[in-house]
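Before anything else, here's the structure in question.
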Amino acid sequence: MKKNGIKDAWNEGKSIVNGWSSMANTFSAEIMAASGFDSITLDMQHGLLGYQKVVEMLQAISGYDITPMVRVPWNEPSMVMKCLDAGAYGIICPMVNTKEECERFVSACKYAPRGNRSFGPVRARIYGGDDYFLHANDTLLNFAMIETSEAVDNLDKILSVEELDAVYVGPSDLAVTMGYIPYTYEKEVEDCIKHIVETCKKYNIKAGIHCPDGKTVKERFDMGYDLGTISADAALLTQASKREIANAKK
Amino acid sequence: MKKNGIKDAWNEGKSIVNGWSSMANTFSAEIMAASGFDSITLDMQHGLLGYQKVVEMLQAISGYDITPMVRVPWNEPSMVMKCLDAGAYGIICPMVNTKEECERFVSACKYAPRGNRSFGPVRARIYGGDDYFLHANDTLLNFAMIETSEAVDNLDKILSVEELDAVYVGPSDLAVTMGYIPYTYEKEVEDCIKHIVETCKKYNIKAGIHCPDGKTVKERFDMGYDLGTISADAALLTQASKREIANAKK
Amino acid sequence: MKKNGIKDAWNEGKSIVNGWSSMANTFSAEIMAASGFDSITLDMQHGLLGYQKVVEMLQAISGYDITPMVRVPWNEPSMVMKCLDAGAYGIICPMVNTKEECERFVSACKYAPRGNRSFGPVRARIYGGDDYFLHANDTLLNFAMIETSEAVDNLDKILSVEELDAVYVGPSDLAVTMGYIPYTYEKEVEDCIKHIVETCKKYNIKAGIHCPDGKTVKERFDMGYDLGTISADAALLTQASKREIANAKK
Amino acid sequence: MKKNGIKDAWNEGKSIVNGWSSMANTFSAEIMAASGFDSITLDMQHGLLGYQKVVEMLQAISGYDITPMVRVPWNEPSMVMKCLDAGAYGIICPMVNTKEECERFVSACKYAPRGNRSFGPVRARIYGGDDYFLHANDTLLNFAMIETSEAVDNLDKILSVEELDAVYVGPSDLAVTMGYIPYTYEKEVEDCIKHIVETCKKYNIKAGIHCPDGKTVKERFDMGYDLGTISADAALLTQASKREIANAKK
Amino acid sequence: MKKNGIKDAWNEGKSIVNGWSSMANTFSAEIMAASGFDSITLDMQHGLLGYQKVVEMLQAISGYDITPMVRVPWNEPSMVMKCLDAGAYGIICPMVNTKEECERFVSACKYAPRGNRSFGPVRARIYGGDDYFLHANDTLLNFAMIETSEAVDNLDKILSVEELDAVYVGPSDLAVTMGYIPYTYEKEVEDCIKHIVETCKKYNIKAGIHCPDGKTVKERFDMGYDLGTISADAALLTQASKREIANAKK
Amino acid sequence: MKKNGIKDAWNEGKSIVNGWSSMANTFSAEIMAASGFDSITLDMQHGLLGYQKVVEMLQAISGYDITPMVRVPWNEPSMVMKCLDAGAYGIICPMVNTKEECERFVSACKYAPRGNRSFGPVRARIYGGDDYFLHANDTLLNFAMIETSEAVDNLDKILSVEELDAVYVGPSDLAVTMGYIPYTYEKEVEDCIKHIVETCKKYNIKAGIHCPDGKTVKERFDMGYDLGTISADAALLTQASKREIANAKK
């Protein structure tokens, strides 16, 4: 079975720079896959992606040296399994706030006896290889999102869930549920972000985090995070457009 | 009928900063339309856009304060007319190298007796207004691309074509047909770019030009050009991705 | 943040004529948006619309003076949030039969602390404005569908749910769950429809209702309803086709 | 090979009421196919239809008792052949103004030695039957559009083209090229419409015509026309919406 | 209402050969519908099909003499109802492991008072007929998938659920949950497959089963199964491609 | 620039087994790309493929060890160039019957001074590499289809066209234009097929040919052909379906 580039990199002590696709388009995904990201996550939660387009985008980035991941819209087994069957090598699940929710999520990612994933890797076997079933449980990655104050309260219980590979921190929702406005970087939120990664180290769970730009990704690596997302294609396009227009209208 | 923003701006002596859409996606087009461009051109020639997506993209940008244009794939009347019927307010036609080719193009843009455009503005009338037929010939813009050495040789004849509104210079193909590699900005090509805009002034024809960034757009305005394109969404996304990845991996 | 036209109209004491889109097509939606409706609802429950097309349809109607709404397929937080992130200004949720179901629904419509909506208004911020987060909770509308005898039994409890803005009555399912055939307008169903709007007045909750045509909408306004739907694009097209064919074949 | 319903009806002396699809949607096409039209034409010229959607629409209406036709965007052999291969049983070609243009068109509709249609009826053979090749030349219909004053001047020559089955009159473009505004029904245009059908009778060529409603179709039948179109889905939906809104807002 | 071909065949004592569509494509579905299958199932669980494409595929196969079915992604009422509204005549639901899960599933398939299906058969009424509501509960088929050891343990309880029409056995997941590798045909799994069909006979519940090829379908018929699937389009295309390539490279 | 696998194989004296995609679907294309074909041709002429789907299919097969090609619908420069810009490494052009038609075709495939291809390899540069412009003229392949008796008459002139890389024989159209029914393999057609490959050898032009199955491909290799197509996905799926159904119904 084709290896998971993120796992390999982590085993070599490297950090992962993750790209974030929120536009329902195969070419923008391919552009990002060819730009140097280590992994690309197709965002079905807040991004404008339906399932059909996710399949085509997974196909469009399969020829590049990146690990394809999907953030599913919600903690629902059907879409987790559909995305894995379509060839995703990692699943990020939003709003995992309790141990039970975490167990429900990771169970959907693993074949029995380690979970309840249904068998039928229609495209995954073509992308991953004929021995997909034998290695899938050990190759694919799951990320439970820690993004509410409730999840932080339950952090130890969540991190104790067997079969959990990693968490993914959503600073915006974390801020909102703590009573702040997104992107204001309050100290209480920052402290919490630090607390999460430190707790993860204790449980030997990898930690990823959403960031607005490359500079912040680097800072999060320095803080101990294993994966940082430069968010997102839509934002990059907006910022670049505005900057160039300003240059033209100077 | 809804006014043509480019014409209005030109009448007030303003230059136009044009955005360029090469990804077949309604959201990237909408992002650009909301970023401050004066006009957006959907590129059906080298961009990855089929007609069906062009319609949806025209719809997606109609609520913004931009003028919607399309570069058609080739000098063929059917697609020129289809794009106008879908609500485009300007058409850029590639590879107009002779007076006859220019006449064929502009004829497709105008209803009789000024051309041979067929009547049926199915969406254009909804976007433009019920009096569309009465004002379309005077409101919509056509741009003949000057992008080969042959076209430059025939420049005076092309610019003499009645009903031609503007030209649009393609520096890459100009360079290629002059024997150079694109984007190397040879002096001979630069001289030609200057020659074109100066000749346009003589014929009272507006001139637009493709540019790699905002800074170049500004330089072309200074040279006398009336419209400059910041090209393109795909390039903006690539560059922004690479820069942020570099920041993350520093 | 762009205002909610329905709320503004209601504040001025006006009733809302709502259009209903069941065909997965951007142009039919745009036609309806340009025809004079006050709001357009994209029907993901019984209409033939998947999420990807809903996004494109929301884009296609954004330039018109209507309030865009979506009826989600079911009381599931993921799709409620996805549609809000795509720019819907109102959500109609089917089959809200108990207080708990109503709480679950409205919670998905509001950011903390008033609900559990996840933050990421990727398109909504472009459509609504940069201050979207600050005003979304007070601007967007939620409608719980009252369409079963169970819901009618629980009406007082449902209407007591804090954060509920409005109900939306489905006469067909109401008839079916009361043991009747849809569209037969039994007295018992009619009495129930009257009972619902009267109860809503007591709780200061707005009431909308599905209607087969404009005449019925007017009657429902007279009965006290605040919003009436002329249902639906598919039915309008069928009826118009049959009438014109009959005229041709006379 | 499955019979051509239009030909059969004409052989029985019946006239054809044709529906017109300008929205790129399989369901609106299916609705029309189920409403009682004798044939449905998918309009690729002024309608918002790309080829891919045309295929899906042809599939969606294949189970109904109608004859499927396509108006191609222009007199280009490639799209004529593609639509026939996709299962169209009739092709309407716009802007056939000369004998040469007519010959070019009908040649694309027929296999050698009667034309130059390329062989490969990928879907047509599934829809039409395994003996498609043997009967296609005699089963499929071609309509040359007569819609300019030039075409009227060349009418006898056009109607003399061997292999031409029928003409289709476009009153709007006819009016425009005669110097009038569409839909004003000037006497000169009306006389011309009458002249065309009378000339067709002389050459034993069938005649169809575009009409705004069923009443006009009936009038054209009385004038001698063999096929009349009720135009179009978009117009029917607009009119029905406006009428019902007016009823609601009375 | 249009009859259900599977029910009719079963009443005549015939077995059903079912085709399986996992590619999101209207033409591959139509090819299968025209190839001689008795029914076609569109697989939304492991197949690469989103809802929008399912609608178009249901349309594309409606003209053929097959019964259209859908395997939904999961036991969720919203998608069960959406597929029925789109015209499916049978629903296969994965992972029905308990009596309660079975009740939840079949309830979504039936109108009150026999279930909680919401009324709005937007396309189903066009495909099925105007009396759809009156006969739907007795015409449409539901299949609960028995594919885990837990389901086998609960088999009697599941088969006792009123309104359950049939079960559908998934041998791969059955093998996985019993600790085996899919497609290895262990005796314990085979015994279980036999046990299921025998138990079904006792409860007068029909039984279908997934098979890798036609030969196995025949064997399952001999074992007492009422429906056998030749799985799937993707596998058929892969095998046929490899065989022909081998012939070419001999 | 990424190498052209067909050219490399030919240089090593190997023959090419080409797959043929006529279904507008990324997954069926990917399945074929993973099945062992040396090249895959997306058929826009008789296949049901529009341009937008072609782009997505080219993306879906880019990660596999095959050479991606497109058969364009017709000898029109716009689509030839659009497909090259989308990343096709070979273009097959139908109905090349004269030297002039051949010159027109090959000119569209080459940048100046060797042709008139317009510059803008938006996706091709991502797939092929940053030095795409420098090597494209020498890397990409063009195939002129010889498929009419007229083309055979003009064979020497066509094969003399500078910049022509290869021909591609269409036996069905060849048969039709010679007065036969497709797939009947008349001796006159067979002689002609032999004559073409022998003439190609004289001009040092490679020769490919359409075949119904792998066995015929092998026979054509023995006859001297350099590339043979196993046609097509649709046929493979039909045949495999019918065979397995027969096995089930034995």
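Of note:
To keep things simple, chains are lettered A, B, C, D, E and F as they appear, and every chain counts its residues starting from 1.
Methods note: contacts are C-beta pairs under 8 Å (C-beta built on N, C-alpha and C of every residue); 3 or more make two chains touch, one makes a residue touch a chain.
From a predicted model like this one, the values you see are computed outputs, not experimental measurements.
Shared contact partners of chain A and chain E, listed by label: C, F.
Of all residue numbers that take part in the contact between chain E and chain F, over half occur on both sides, making this a same-residue interface. Matching B-C against the pairs in E-F, A-E or D-E identifies D-E as its interface repeat (over half of contact pairs the same by residue number). Ranking every chain by how far its Cα centroid lies from the centroid of chain E, the top place goes to B.
Note: centroid distance chain C to chain E, computed from Cα atoms, is 34 Å. Measuring from the averaged C-alpha position of chain C to that of chain D gives a distance of 39 Å. Residue positions 22, 24, 27, 31, 34, 48, 50, 52, 55, 76, 123, 234 of chain C are each in touch with at least two other chains.
Taken as a contact graph, the chains fit none of the simple arrangements: neither line, ring, star nor complete graph. In summary, the structure contains touching chain pairs A-B, A-C, A-E, A-F, B-C, B-D, B-F, C-D, C-E, D-E, D-F, E-F.
Those residues of chain E that touch chain C in the complex are listed here as 50-52, 55, 76-79, 81-82, 85-86, 111-113, 116, 118-123, 133-134.
Across the complex, chain F meets chain E through its residues 17, 19, 22-25, 27-28, 31-32, 34-37, 48, 213-215, 217-218, 221, 228, 230, 233-234, 236-250.
Contacts from chain B toward chain F in the complex involve residues 22, 24, 45-50, 52-53, 73-74, 76, 94-95, 147-148, 170, 172-173, 176-177, 179, 181-182, 232, 234.
Taken together, the chain A residues at the contact with chain F in this complex read 26-27, 30-31, 34, 55-56, 59-60, 62-64, 123, 126.
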